[in-house]
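Alright, structures below, take your time with them.
Both of the next two complexes hold subunit A, though its partner changes from subunit B to subunit C.
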Partner chain A sequence: MTLELKNVAKRVGTDTHIFATNLTLATKGFNILLGATNAGKTTLIKLMTGLERPTSGEIWFDGKNVTGVSAQRRNVSLVHQFFVNYPNMSVYENIASPLRVARIRGPEIERRVGETAELLRLTPMLRRRPSELSGGQQQRTALARAIVKDSALVLLDEPLANLDYKLREELRDELPRLFEDRGTIVVYATSEPSEALLLGGHTATLHEGRITQFGATAAAYRAPPDLATARVFSDPPINAAAVVKQGGEVALNADVRWPAVGAIANAPDGEYTVGVRPHFVAPAQQSESAVGLDGRVLVTELSGSESVAHFELGDQTWVAQSHGVQAYEIGEMHRFFVDVSRCLYFGADGALVTAAAA
Partner chain B sequence: MRRAIWLVPTLYIVFLMLPIYWLLNMSFKTTNEILGGFTLWPHDFTVANYVTIYSDPTWYLGYVNSLTYVSLNTVISVGLALPAAYAFSRYRFVGDKHLFFWLLTNRMAPPAVFALPFFQLYSAVNLFDTHIAVALAHTLFNIPLAVWILEGFMSGVPKELDEAAYVDGYSFPRFFFKIFVPAIKSGIGVAAFFCFMFSWVELLLAKTLTSVEAKPIAATMTRTASTAGYDLGLLAAAGCLTIIPGAIVIYFVRNYIAKGFALGRV
Partner chain C sequence: MNKTENQRAWFFVAPVLVLVAFNALIPLMTVVNYSVQETFGNNVFFWQGVGWFEQLLHSERFQAALGRQIVFTAIILAIEIPLGVAIALTMPRKGPWVSVCLVLMALPLLIPWNVVGAMWNIFALPEIGLLGRAINALGIDYNMTQQPLAAWFTTILMDVWHWTSLVVLLAYAGLISIPDAYYQAAEIDGARPWAVFRYIQLPKMKQVLTIAILLRFIDSFMIYTEPFVLTGGGPGNATTFLSIDLVKVALGQFDLGPAAAMSLIYFIMTLLASWVFYTVMTKNDAR
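Moving on to the complex of A and B:
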């Protein structure tokens, strides 16, 4: 079973929300739509549900053209970022409502609602109204409504974004289990790269209405096709700086230069943009090939076991992310080390310099 | 200072309740006592005024007439305002904001302006002196009001609720009546209350468009005063009874009204 978008585009007035997009989604694992706010994730999801019609292009589902089919007639489920449930119905009736609309028999409804509630640990709350539940339970109810239908396509639009940290982790761990072996195409929109990496499957990165990359999550992370995609798929943001390649060396400025290794080695001389993920910028020398950068520490953040430092280098701000608690002095100079074998290089057009292209 | 903290609310309530108390006070007096002198409570206590109202059809039919056209008006106004408010809150169309404002301006015209054309029009189509005539005339200012109030409540319901229902397979009518209307029931209560109130207190159109069959209670009161001299006790009793329907309706929507204020739509 597949969902295919063929040259699907969406324009509203003179604004293009989605540029012509080709995408084939399958049942295996999660399909993650990764993009910043306003990148077009929700629009794309609405197109997939049938709530909105594409301006041009076709949507095919399981070998059938469903472009003009309304959301009611497509076998889809949707979970919103906000906890959307029917306020006047009990949790039981909320979960049962898609089945009632589909005219399924009473005992069957009872059985399926019971099973789904058990799966989402909602059984003790079935008699309550959604407004009497915690945020996490409300979102579980919405998930239960999506799952109980056994629909062929489940769309999750940032379902965890409005939950607090603990609940988010808990529900994120459960999600893959909920959809295991259901033979459903699951689409999961998120703005957090870490969520994409945790949920695995396939990732499509969205940037300003365009899908810039689609592939297995880990592979997509390792080889972004261009700088914009690398920015989308990096948290904290990827460090980007202009460099000049000359001969066998890459120069960041007059003082900092390192040997051109990897894909850049065979590229022609000229100006490039180097992209360094923050966790390849270390506060101490870890390998022989690391090159030192002297920066003035501006801000430091400590998140659990990770230390993040923002430092000033020339007129740019760089970010370094490392394990453990690092002793940075704000306003002081510190020598950071870049693992040059992990650097990504982008050409003048923004495209990744690959070994093959060179 | 702290001991005087009860003073302001007490004075406020005293001044607020004084006219109502005086009306109630008068309704239990005889006309002679009312005209005879100043008494703080009825010395010559009588319920004769109320008995007159309950036994004389020209009196109690006034209430029946008023309640009939007011209820009709409330049903028509809220019934027509629901789809209109839904359109204003959910769709963007050419001139939607202008239309919404134009609707509100109907509220600004004094009813007296419409009294004469309405009288002529309703007479021409044989609706003069019927309950539906008054009910229709009052929709002039009640539909805009109901649309305004309901639009506020509807816009408070996220569009995602509509989407969720469509994805779940709900057709539009089923979604509207099964999910959407219950979700804004407090707004419907508030809108119904205001329609009821404005229709209940409006006298000019109601009086102009009726003569005998559909004569409202307020008209009965003014006519009685002019023919049978000043039967003040009877008028006070009638006045007390006109407060009751409003008081009953406001009791049921008292909690929703606060919500309406919070949305800035009341």
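Moving on to the complex of A and C:
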């Protein structure tokens, strides 16, 4: 079973929200839509549900053209970033509501609601109203409403964005298990690269209404096709700086240069943009090939067990991310080391320099 | 930590105390004072105890006025709340027409009470008023200065015209605060319009509707200016509501004692009804 978007585009007035898009989604693993706010994730999801019609192009589902079919006839479920439940129904009635609309028999409803509630650990809360639940439980209820329908297509639009850190982690770990072996196409929109990496599956990166890349999540992460995609799929943001390649060397400035290794080795001389993910910028030398950068530490942050330092290098700001708690002195000079074998190079048009292209 | 104790807090509390004393407590206590005494003028007072209250509660005139008041308020609420919600539901949620609708809705609310009364008085006159002429032209004998039923009809119509907008605006505010996500969820579920109203819009409007009902209850229960200008409480006593009756007693007959007793009973009834109503309406949320 597949969901296919064929040249689907969406324009509102003179604004183009989604440029002509081709995408084929399958049932295996999560399909992640990764993009910043306003990149078009929600529009794309609305098009997939049938809440909105594409301006041009066709949507095919399970071998049938469903472009003009309304949302309620498409057998889809949608979970929003906000916790959307019917406010004056109990949790039980909320979960049962899609089944009641579908005119399913009483005992069958009871069985399916019971099963789903058990799966989402909502059984003790079935008699309560949504307003009496915590945020996490409210979102579980919304998820239960989506799951109980046994839809062929489930769309999750930033479902964890409004939850606090602990609940988000907990629910994120559960999500893949919930949809395992259901034969459902799951689409998961998020603005956080880390979520995409944790959930695995396939990732489509969205940038300003275009899908810039689609593929297995890990592969997509390793080889972004251009700088814009690399920026979308990097958190903290990828370091990007202008470099000049001359002969066998790449020069960042008069003092910092390193040997051109990898894809850049065979590329013609000229100006490039180097992209270095923050976790390849280390506070200490870890390999012989690492190049030192002397920067003034501006800001440091701790996130979980990670240390993030923002430092000034000439007129640029770089970010370094490393494991453990690092002792940086703000305002002091510190030598950071860039693993040059992990550098990505982008040409003047923003496209990744690959070994094949060179 | 050292806790410093001093009397400085009184400086902050005192203005409020003075304000409340002058605008609420002192006037109220003056009324209480009058309500238990009898006076024949010249500032000579005689102790009366609860005499005025007993007399009032047994008086047919008071009971009739109270009865009229309750029926009037009940009719007003029964018409204005559903009508207001219905109008709010038909208003656009976005687009250029929103401001047009809002201004149109707000217009009646901006007209002073006595002007509304005067307007409707002329409007409803059988010989020259547009409404009066129109109804009579339909072959219905209509004269609000002589027929109690016509007077009631006009008074209610006037109040509906004047105050339904308030319910509309409040209900509309409740409606537009519902995120699109709810409607999308309902659409995907395949919910019918009635189900959307019953399970999404109505529950989400509950709080503003509580306020709307409370405001309309208090306002219509204390209505004075409009019927006073429109009908003067007539014909006969047909539209003499509580406050009109109260003014007749206090200023027309200058019976300060009974008028004070009546004011207190009136005040307590309004307060009690509002409190009971509010408690019942918000009970579910607190649970």
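Rule of thumb we're sticking to: the second predicted complex is superposed on the first by the 358 of 358 C-alpha atoms of A that agree within 3 Å, B and C clash if a C-alpha of one lies under 4 Å from a C-alpha of the other, contacts with A are read in each partner's own complex, and residues count from 1 in each chain.
Please note the rule applied: contacts are C-beta pairs under 8 Å (C-beta built on N, C-alpha and C of every residue); 3 or more make two chains touch, one makes a residue touch a chain.
Keep in mind that what you see is a predicted model, and the values were worked out from it rather than measured.
Partners subunit B and subunit C, once the complexes are superposed on subunit A, run into each other and clash.
Looking at the shared chain after the overlay, A:51 reaches both subunit B and subunit C. Legend: residue contacts after superposition of the two complexes on their common chain; A:76 is shown touching both subunit B and subunit C. Contacts of A:88 after superposition on the shared chain: both subunit B and subunit C are touched.
Judged by the touch definition given at the top, the superposed model places A:216 against neither subunit B nor subunit C. Of the two partner chains, subunit B and subunit C are each touched by A:97. The residues of subunit A shared by its contacts with subunit B and with subunit C are 46, 49, 51, 70-72, 76-78, 80, 82, 84, 86-89, 97-98, 101-102, 145.
Per the touch definition, subunit A reaches subunit B in the complex via residues 46, 49, 51, 70-72, 76-78, 80, 82, 84-89, 97-98, 101-102, 142, 145, 149.
If you check the complex, the residues on subunit C that touch subunit A are 179, 181-182, 184-185, 187-191, 195, 199-200, 202-204, 285. Within the complex formed with subunit C, the subunit A residues making contact are 46, 49, 51, 70-73, 76-78, 80-82, 84, 86-89, 97-98, 101-102, 131, 145.
Those residues of subunit B lying in contact with subunit A across their complex are 158, 160-161, 163-171, 174, 179, 182-183, 185.
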